[in-house]
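Following this message is one structure expressed as structure tokens.
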Amino acid sequence: MRPSGRKLDEMRAVSIETGFTKHAEGSALIKMGDTHVLCTATIEDRVPPFIKGSGLGWVTAEYGMLPRATNTRMRREAALGKQGGRTVEIQRLIGRALRAGVDRSALGERQITVDCDVLQADGGTRCASITGGWIALRLAVNKLMKAGDVVSDPLVDPVAAVSCGIYAGQPLLDLDYPEDSEAGVDGNFIMTGSGKLIEIQMSAEGSTYTRDQMNQLMDLAEKGVGELAAIQKSVTA
Amino acid sequence: MRPSGRKLDEMRAVSIETGFTKHAEGSALIKMGDTHVLCTATIEDRVPPFIKGSGLGWVTAEYGMLPRATNTRMRREAALGKQGGRTVEIQRLIGRALRAGVDRSALGERQITVDCDVLQADGGTRCASITGGWIALRLAVNKLMKAGDVVSDPLVDPVAAVSCGIYAGQPLLDLDYPEDSEAGVDGNFIMTGSGKLIEIQMSAEGSTYTRDQMNQLMDLAEKGVGELAAIQKSVTA
Amino acid sequence: MRPSGRKLDEMRAVSIETGFTKHAEGSALIKMGDTHVLCTATIEDRVPPFIKGSGLGWVTAEYGMLPRATNTRMRREAALGKQGGRTVEIQRLIGRALRAGVDRSALGERQITVDCDVLQADGGTRCASITGGWIALRLAVNKLMKAGDVVSDPLVDPVAAVSCGIYAGQPLLDLDYPEDSEAGVDGNFIMTGSGKLIEIQMSAEGSTYTRDQMNQLMDLAEKGVGELAAIQKSVTA
Amino acid sequence: MRPSGRKLDEMRAVSIETGFTKHAEGSALIKMGDTHVLCTATIEDRVPPFIKGSGLGWVTAEYGMLPRATNTRMRREAALGKQGGRTVEIQRLIGRALRAGVDRSALGERQITVDCDVLQADGGTRCASITGGWIALRLAVNKLMKAGDVVSDPLVDPVAAVSCGIYAGQPLLDLDYPEDSEAGVDGNFIMTGSGKLIEIQMSAEGSTYTRDQMNQLMDLAEKGVGELAAIQKSVTA
Amino acid sequence: MRPSGRKLDEMRAVSIETGFTKHAEGSALIKMGDTHVLCTATIEDRVPPFIKGSGLGWVTAEYGMLPRATNTRMRREAALGKQGGRTVEIQRLIGRALRAGVDRSALGERQITVDCDVLQADGGTRCASITGGWIALRLAVNKLMKAGDVVSDPLVDPVAAVSCGIYAGQPLLDLDYPEDSEAGVDGNFIMTGSGKLIEIQMSAEGSTYTRDQMNQLMDLAEKGVGELAAIQKSVTA
Amino acid sequence: MRPSGRKLDEMRAVSIETGFTKHAEGSALIKMGDTHVLCTATIEDRVPPFIKGSGLGWVTAEYGMLPRATNTRMRREAALGKQGGRTVEIQRLIGRALRAGVDRSALGERQITVDCDVLQADGGTRCASITGGWIALRLAVNKLMKAGDVVSDPLVDPVAAVSCGIYAGQPLLDLDYPEDSEAGVDGNFIMTGSGKLIEIQMSAEGSTYTRDQMNQLMDLAEKGVGELAAIQKSVTA
């Protein structure tokens, strides 16, 4: 039995409120159980220097946590004067993940920045950021298409992510914080709605794992991402 | 007529959701019209070095804005590597304002940090932060009193704040962003529920004003803070 | 009786040495008792991006304290790698205050930067910076007018500032450091020579005050600023 | 045919010079073809605060690149004033990877810092850093065991890493820079000498991949890590 | 003929005002012609960690320039967020120079920090800082000796510095800014009042020089430092 | 007898490996005994703003030390977020020294950046950096001349540097770390192969020296630089 009382392959309750803020071209508050992330997508008519004039667009992401999103208060990164290593790693991951699902030529020479800010954390914030970030991105692109600025849909297949891990010898889907902090092995699995792989990160803190275990987690992840992609479609239809 | 259609002495609709996040000892999402600020209060058993051993407590505040809280995206302060001048000024104001309403001896040697993070901005974020921050503080202190850690209530009188300004020659209560950006004179008025003054900041951008005008704005502010204090009491009762 | 032996409404001796440094377009060393601030004004043929092409000028300010301007040595901000919150807050105030007295259209598209560096501190450094900074600004503008670069005088009314506070229940004009550190309530009052208000900041550290007390301090401030404006005129005539 | 002329499952020539610097407790210059990384291990009698008193040791890593390790000169991170996102991500990976192969209880309450500095880069620097870093770590631990400071060997199984990717539809072992920059999918595979998995990171830049492709790369990686582990053993015997 | 009209071996007029600020244990405003530097010495009952418990004292220095000390305004280092390379180099030089004239054992375990802030610059600011800094140091040590905290005088021989250079083929003493910017070779010569050498820095920007030329400049420097040491003694007697 | 067993005027064994890295236009690993510095020269078709359009070239340098180049590990400057004062001082010296030997007009409007990274330190790293840096610069310029981009040789006379000091009353050539840390007086002497002086820095830590002693060290330095220049010529012929 897992601490949360969920079945091994059972995700937390997912709730998504689109349009949570009014200024952003796309926004969503995603709740994976007690993990709540506010995702916004901003469209700008500029691209990074290295693709200027290429006709290609760019999607990038930034990630943050409110100081008291966690059980004990963390120091505010803006006050510390720099983003920590974990933050940098996560926002690079979110950006790569979302770009994998974008036809940058169809998007055209513009940039969309997806901000993922964790209002409350209970494990799996990077996966929730990717899943919710894709929704914000989808809504922003819808606006571009409605306005006729983009003709061919650059988002052909939803991108979603879920964490899985091995806890007390059992493979679990969608770890919450108590499960995650006890899991010897865990991974983040980023896939498309149609089951293609985008990025797998699977690591063992002070331990190792086998290919068999890896395959068990991948099976769980495919189930979870399938469910998430269905939700993504329903809220952005 | 003001752009918002409100009467000269009419505040925006105020809504407060206490307990918006689960980890903080006190939390509230305050909405003043389209200005939404998430306020959390964190209790820690330590005080700044300069009062160690004094038996007195400390209350401090930090302020932030999500990058897309505003109409166009602002760069993330954590990524820029420092808090801007406006941020620093505001969080110092919030801290001073809240401390003015605290009996630091009754609080005892502990620190409460109030984080005010703007999820959506439409003018008056510093005033909303003070009003909402006091609610988070009140809830955190309630917890201390319930646990018997604090015996005598250190918060005798609520602290709230409202902005007023002169727009097209008329004194207005509770400026929203379009009003604020056109007002030649504006001020932030921080008072207690019983009408005592804590801090007045009233300035004219590229202009001047008279004592008469100042008194008109103070009259409006007294009305506004009275209404806010009533709301504060009702949601923390 | 106040610690300084001055009467309640008596300012410290004011002395101003214009032309204290040779490179700046305007400069003055202002002494308010033992508070000594070196103010310089620099004219540059450029403006901030947000007003480029508008035909309007800009006035801005920076503030600093030498490490041993105070009773105990403070760490040098350049060595610490950032300006503290108090510094940022003060220099923004000085800039706003001076701009309120400038006809930016008459100034034309150029920037004047006023640097206020405290050589010795004994309370009231921000007010001395505004009063002395206006003198440096006046001298620099005189140079522009003499050269025919500016035709219509952009500085119609002097800007000066003084602090007042309530000490042992009595309203005092122009607090020195020992008075300031004991005052429960104090304020900075920035006005023009003709008595118009530019900015009022009045706060109570860990306390509150009444509108009556506020009015008493404003009466004192009007007296003080009147005297300062007369001195400003005499040294820049 | 791959650009390098190597067979699909052929690694670059590996050369390792142990004791490359004299001060470090362990050091090695590892060359994977034209990728050259200097790895040093430093033993210190202190541990991070969060494990003080636990009896457990700690292994951490830092990573850097000389400015002209690459084809065009990159700006020096020390001069820029911060480590880039890529650097932070890589050094966290190296630390995690090495810790997975350490019995921290056997190591005892001391810290070993592994510095990996790229003198010349041609793809795969993070994998070379892990493989070479383990050698430096092994040599440092040997010194501790020889001195009797550590009794039971905390390094039971070598840790090594190799990158694999899909290039022109073919799975390749040990990508060099030209191959890496053209590969649509690539991954870093960190394993122990006995074939257990420590961390898999496999991503598609602007693309996706299948589980079949993932398994092909894992097969290649097992071959590569096996060869590297044999070399690690031979040079540290 | 030199631009200044001075003779080849003629220093600028030197004026020194001791006690220029009231808080510092020692202070002096030194004027070498139009170069004006405010020097203060601060005594603290602490030493850097590396000499704690050694019974030895420490003397260190910091250097700064007000933004408009120069002909065109330089950006404020505190606002830029770091001290420039030139600043760092100069303050390290001042500290080394002053320490060379201190018997640190006689000083006892305390630190004296000498702050040298350039109010107006016209060449030779580092030399003026050393000469003036020694005066501030002397006055602070006098205070320690008068109070009986230091018994044996730790400052046996004054430390002073002067710049010399080759301008239009001629060796010149005490370069002002116009001379310095045209000199192909220049040096800073730091000596004691009795003619012993402390530090020589002599460099050629884009050029070279001979031992003969070096000796000519050293002869001039000995003359200049002798005159400065006499002044130092007279103002601190 | 010196600790190293060398004669008073005997340099350490010098070894130079040119072409140590493949990407840089010029590179050399210089070993002065146990001091090992990797020097690379990078050619770029841009110059600093202050000489744009002048037709002149620029040579600049950066310096770094690997964290474990020294006996105890130093913190990585990139992780600390800034270059230390010593680093800044040294890289400015290297740049000045190399520029003194360059005909910037013959070089033409391009910049060469010389990076000097200390892989292992045993005293004299700045001198080794200058000597080795000149070799990297020479090789890079050779490439420009071979390609016909530069016609007239801008490097007419080699630049080399050596440290000398007074140890136990004896003048020594080429101090290693144990000698350097005990020497009361030491200096860095930068000269051209034909014996012209570029920069002399000679200082006494907590002590003084005489002109006679200075001349003894200069004699030693001339001998040392002569030998280094011969080596420089032989390896770049």
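Should a chain be cited, it is by its letter among A, B, C, D, E and F, assigned in written order, with residues numbered from 1 in that chain.
In this section, contacts are C-beta pairs under 8 Å (C-beta built on N, C-alpha and C of every residue); 3 or more make two chains touch, one makes a residue touch a chain.
Molecules present, by chain and UniProt name: A, B, C, D, E, F = Ribonuclease PH.
All values reported here derive from a predicted model rather than from experimental measurement.
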Q. Suppose you hop from chain D to any chain it touches, then on again the same way; how many hops at least until you reach chain E?
A. 2
Q) Greatest Cα-centroid separation from chain E: which chain? A) A
(Q) Half is the threshold here, strictly exceeded: which of A-B, A-D or C-E has more than half of its contact pairs identical to B-C by residue number? (A) A-D
Q: Mind checking the centre-to-centre distance between chain C and chain F? Centres are C-alpha means, answer in whole Å.
A: 51
Q. Quick one: chain A and chain E, Cα centre-to-centre, how many Å?
A. 59
Q. Using the touch rule from the top of the page, what residues of chain C touch 2 or more other chains?
A. 81-82
Q.
Ring order, please: chain A first, chain B next, then the rest.
A. A, B, C, E, F, D
Q. Okay, in this complex, where on chain A does chain D touch?
A. 82, 85-86, 88-89, 91-92, 96, 99-100, 102, 104, 187, 192, 196-211, 214, 218
Q: Enumerate the contact residues on chain C facing chain E in the complex.
A: 20-24, 27, 34, 36, 38, 40, 42, 44, 62, 64, 66-71, 73, 76-83, 87, 113, 115, 117, 119-121
